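Letters A, B, C and D name the chains as they come in the text, with residue numbers starting at 1 for each one.
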Amino acid sequence: MQTTLLRLSCPDKIGLLARITNLVAHQGGNLKEVAQFTDPKDGWFFTRMEIETATLRNGLEALRTVIAPLAQELGAEWSLRPAEARPKVVLMVSKLGHCLADLLWRWRSGELAFDIPCVISNHETLRPFAEREGIPFHWVPVTPQNRREAFAEMEALWTSLGADLVVLARYMQILPTEICERWPSRLMNIHHSFLPSFVGANPYQRAYFRGVKLIGATCHYATADLDEGPIIEQEVVRVEHYHSEEDLLRLGRDCERLALARGLRYHLAERVLVRGNRTTVFRD
Amino acid sequence: MQTTLLRLSCPDKIGLLARITNLVAHQGGNLKEVAQFTDPKDGWFFTRMEIETATLRNGLEALRTVIAPLAQELGAEWSLRPAEARPKVVLMVSKLGHCLADLLWRWRSGELAFDIPCVISNHETLRPFAEREGIPFHWVPVTPQNRREAFAEMEALWTSLGADLVVLARYMQILPTEICERWPSRLMNIHHSFLPSFVGANPYQRAYFRGVKLIGATCHYATADLDEGPIIEQEVVRVEHYHSEEDLLRLGRDCERLALARGLRYHLAERVLVRGNRTTVFRD
Amino acid sequence: MQTTLLRLSCPDKIGLLARITNLVAHQGGNLKEVAQFTDPKDGWFFTRMEIETATLRNGLEALRTVIAPLAQELGAEWSLRPAEARPKVVLMVSKLGHCLADLLWRWRSGELAFDIPCVISNHETLRPFAEREGIPFHWVPVTPQNRREAFAEMEALWTSLGADLVVLARYMQILPTEICERWPSRLMNIHHSFLPSFVGANPYQRAYFRGVKLIGATCHYATADLDEGPIIEQEVVRVEHYHSEEDLLRLGRDCERLALARGLRYHLAERVLVRGNRTTVFRD
Amino acid sequence: MQTTLLRLSCPDKIGLLARITNLVAHQGGNLKEVAQFTDPKDGWFFTRMEIETATLRNGLEALRTVIAPLAQELGAEWSLRPAEARPKVVLMVSKLGHCLADLLWRWRSGELAFDIPCVISNHETLRPFAEREGIPFHWVPVTPQNRREAFAEMEALWTSLGADLVVLARYMQILPTEICERWPSRLMNIHHSFLPSFVGANPYQRAYFRGVKLIGATCHYATADLDEGPIIEQEVVRVEHYHSEEDLLRLGRDCERLALARGLRYHLAERVLVRGNRTTVFRD
């Protein structure tokens, strides 16, 4: 059954949900799933709707035509697309392959529906894992000298391949500020700590020395402020005194995989709505 | 800010959410929170709305008047009430006081908003804990001989006190079938296992002998089929080989407290919608 | 069955566990539970043993006599006591009663075995909850002007009452550095965040604004560095975009109660061994 | 650093740990990790030790020589082996590849240390995933007619390849009773429910219809009684009313992967000691 995804956020008003559901109903659209949240703190309205495409008398584009003026009136940020459209997701990696392997399995098995135009890395290590799946692999080394050019090359790749999203799947380089600003809510990172604990480098080592009893991972959108972007998903696991730093790395890998896979899942299904530094995530 | 709670379920139809939100909007009602779920399996529609009471131009009863005919047309099960109305909840206990103590604390501190017309028990053990809070305590011993009369007496108490809900907070007696049938979705039980594991007596002992690595508790509505009623909430905790049966009891108590408190919270806020043996719980 | 608790830590050496267990065996002591951990990072040895007291041919004090010279030779920090000795625990509170209520219930029901010489608070709010349990309540107001005297008065109380441990059960005042230094590993605090996230004031508010997807609580020993002491236990709970700051407070309360109760349990049973800023916790 | 693993269980006696640690100490063995548990219920002693191999004056075999007579005297079940020996693990699969993919990644990356003599399946589906890793793949179709011969063929394979362990990684066939009996604690299964809930077929479907709020997976040793074998590890995940049967399958896959990977990890490191239907798992 084909599905149309509507995602919309705007300042709150009385009657908003009624107006939108009316528009959908007048097109014959059957609502399969509706999520709505009004943030009482700053009076903001968020909604996401799954509409049975076959019931839309005049199709998705006709629905777009009637929603557009309302969205403009409301000052809304919104999107409307077929759920079946597979977003193009570029994967960025360094040498650690656990997140890549996990995403490739979910992609290959169809659990997550997206296309992978390429994998990019600053090392050759993971080339075989991409290429054996038939995915182009680009090696773009990054040095203090070529940083600017290297990232320009990568961003050009993203653009030329029509990337809808770029996933930093344990890509251990810090992205230039301007790139982060040009790709808002389209750069997804997995940080290997339970943010805001252990922002920055070597979080597992620091977790070990702090003696915490839980470690975790955070999936968030990258912004110019390192590790400060809107959080999409977090996962934690209990640790004990007998766990070495190496054990924390091992236990953390499972957290990273799960948090990233869930965050990506929510993003692909238009379930993440960002406002400022907070996300509304209509989880499934 | 006063709030009106609307809860409604019925067979699904195109345009349902639009019709209901229109009715509310026409009364001026500002929707603070809307939850909606359509069960694709059997085509059933569930919704719960929080409406800002002050914005209802003609008040809650006027809204009831316009919703009633729609609900009838739809064959809906529904309710509409002020969130501020405090349901009357009778607490039933035996000798174990941990769930009672937990509920009394949440009630006393205002975390949960309800009134307690009385505590009923088949033992005198917990009388002081109720009475020191100013809550009447009724001792109704149950023996094989007086079972029928004892439960008749208790049900009469519930009725005369206007109980909206009866909570079996580790009340270790099995209720007569007829009573379960007369109080559908109004008898809440906490079972000391992660159902459907260990239905029936001595679940912790059986968990111990089975050697499970997780134990739990289940909050559910009591039905004529013991431990088979609709599940509202469950909680689990990890156990290890070194945990004795007594340890399982101890660890389980925390699960029981949490699962019961959450289940009661959802019920009090009209967040639980029952259909057959499944619940839709719009959690908060 | 009476039990003797031995707790010992020292620099690691080959044959250490053999030497200690030999000493115990030569006294006839039956080991009911042995936990041992060697920290490979800094070569430190930690052990905790539960010995069946009745099997000690010459009793606990004779065992102490044979262990003392070995401990001295090893440069060990150690303790030996009957498990049945009930430590004296002073409870410090402000206005929030959830941790107090939880501890009082576990104390009253016998789940945790300790004595409460008194409850101390800078407010009168919780007096009735202590007094109805027959526990003396001391009101010691703290102002910027009387801080020094107030804490001197409280520390004098602790000392005169023979406190083995002081629990800051949501006591919202910062303790003077000298007091923290005089009571190492004997001041237990519950911090209302998942440390090291949100060190300091208003952690739930900051968690809300950061948009985290999990919040938590941390039970730790207080040290001169605020919120930097050795962590004993942590607990987390998932939160969603629709949870307000007030919801975080509510959800956090259950984390705080559980983390504090567990931390206290481990401490009372001599299960916590501190070295530097890390704890070895032989959990049960 | 090379490590020797000692695992031993027997009826409890006073002085047992002292005798064993003495034997190790007399060989010069440095104990890196000691886990000990005495089951008070049936008086059984379990221990596992990690010994620094380089410190054993006369090597591992000399240690075996001195432990053997003690073990015989005690009626102990025991093993002694270098941690570096890589057990041979045959993987059995059907059509679902998520557990296989997960184990292959952990194997390939070195997170888990074992050899895979072959993958066996009743379908050809997963052949490419094994073969691209250089692992032989055997297709052994099973029909009602050839069941006996098929399993005889497979068991012959296990034996001829010197399998130390056989992992049923979502192998959807029930093994013949005699085979289960011939391979006690050497057949590891992952069951797709939180046992003892939903023993048998279609657990996710049954979980859906029962309306549980948590689903899970169980890693256990296979025995003649289907799904009744000793449990090694369990994992659960919260589910909601809006999760379809298909969603449960998806969420459950992550539980299955984690529970199986952990169970296998514990087994490979000699951390699982079985007695009757219960396991002692000295987790790491």
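Everything below uses one rule, namely that contacts are C-beta pairs under 8 Å (C-beta built on N, C-alpha and C of every residue); 3 or more make two chains touch, one makes a residue touch a chain.
In this text the structure is predicted, and so the values were computed from the model without any measurement.
Of the chain pairs B-C and C-D, which one is connected by the greater count of C-beta contacts?
Of B-C and C-D, more C-beta pairs in contact link C-D.
Using C-alpha centroids, which chain lies at the maximum separation from subunit D?
B
Just curious, how far off is subunit D from subunit B if you go by their C-alpha centres, in Å?
Centres of subunit B and subunit D (C-alpha means) sit 41 Å apart.
With centres defined as the mean C-alpha position, give me the subunit C-subunit D separation in Å.
Centre separation, subunit C to subunit D: 37 Å.
Got the subunit D residues that touch at least 2 other chains?
33, 37, 40, 242
Using the touch rule from the top, collect the residues of subunit D that touch subunit C in their complex.
Touch list, subunit D to subunit C: 14-19, 21-22, 24-25, 28-38, 40, 55.
Which positions of subunit B touch subunit C when the two form their complex?
33, 97-98, 101-102, 105, 109, 111, 132, 242-243, 247, 250, 253-254, 258, 284
Quick one: which bits of subunit D touch subunit B in the complex? Just the residue numbers, please.
Listed in rising order, the residues of subunit D that touch subunit B are 37, 39-41, 46, 194-198, 209-214, 216, 230-234, 236, 240-242, 244, 277-281, 283.
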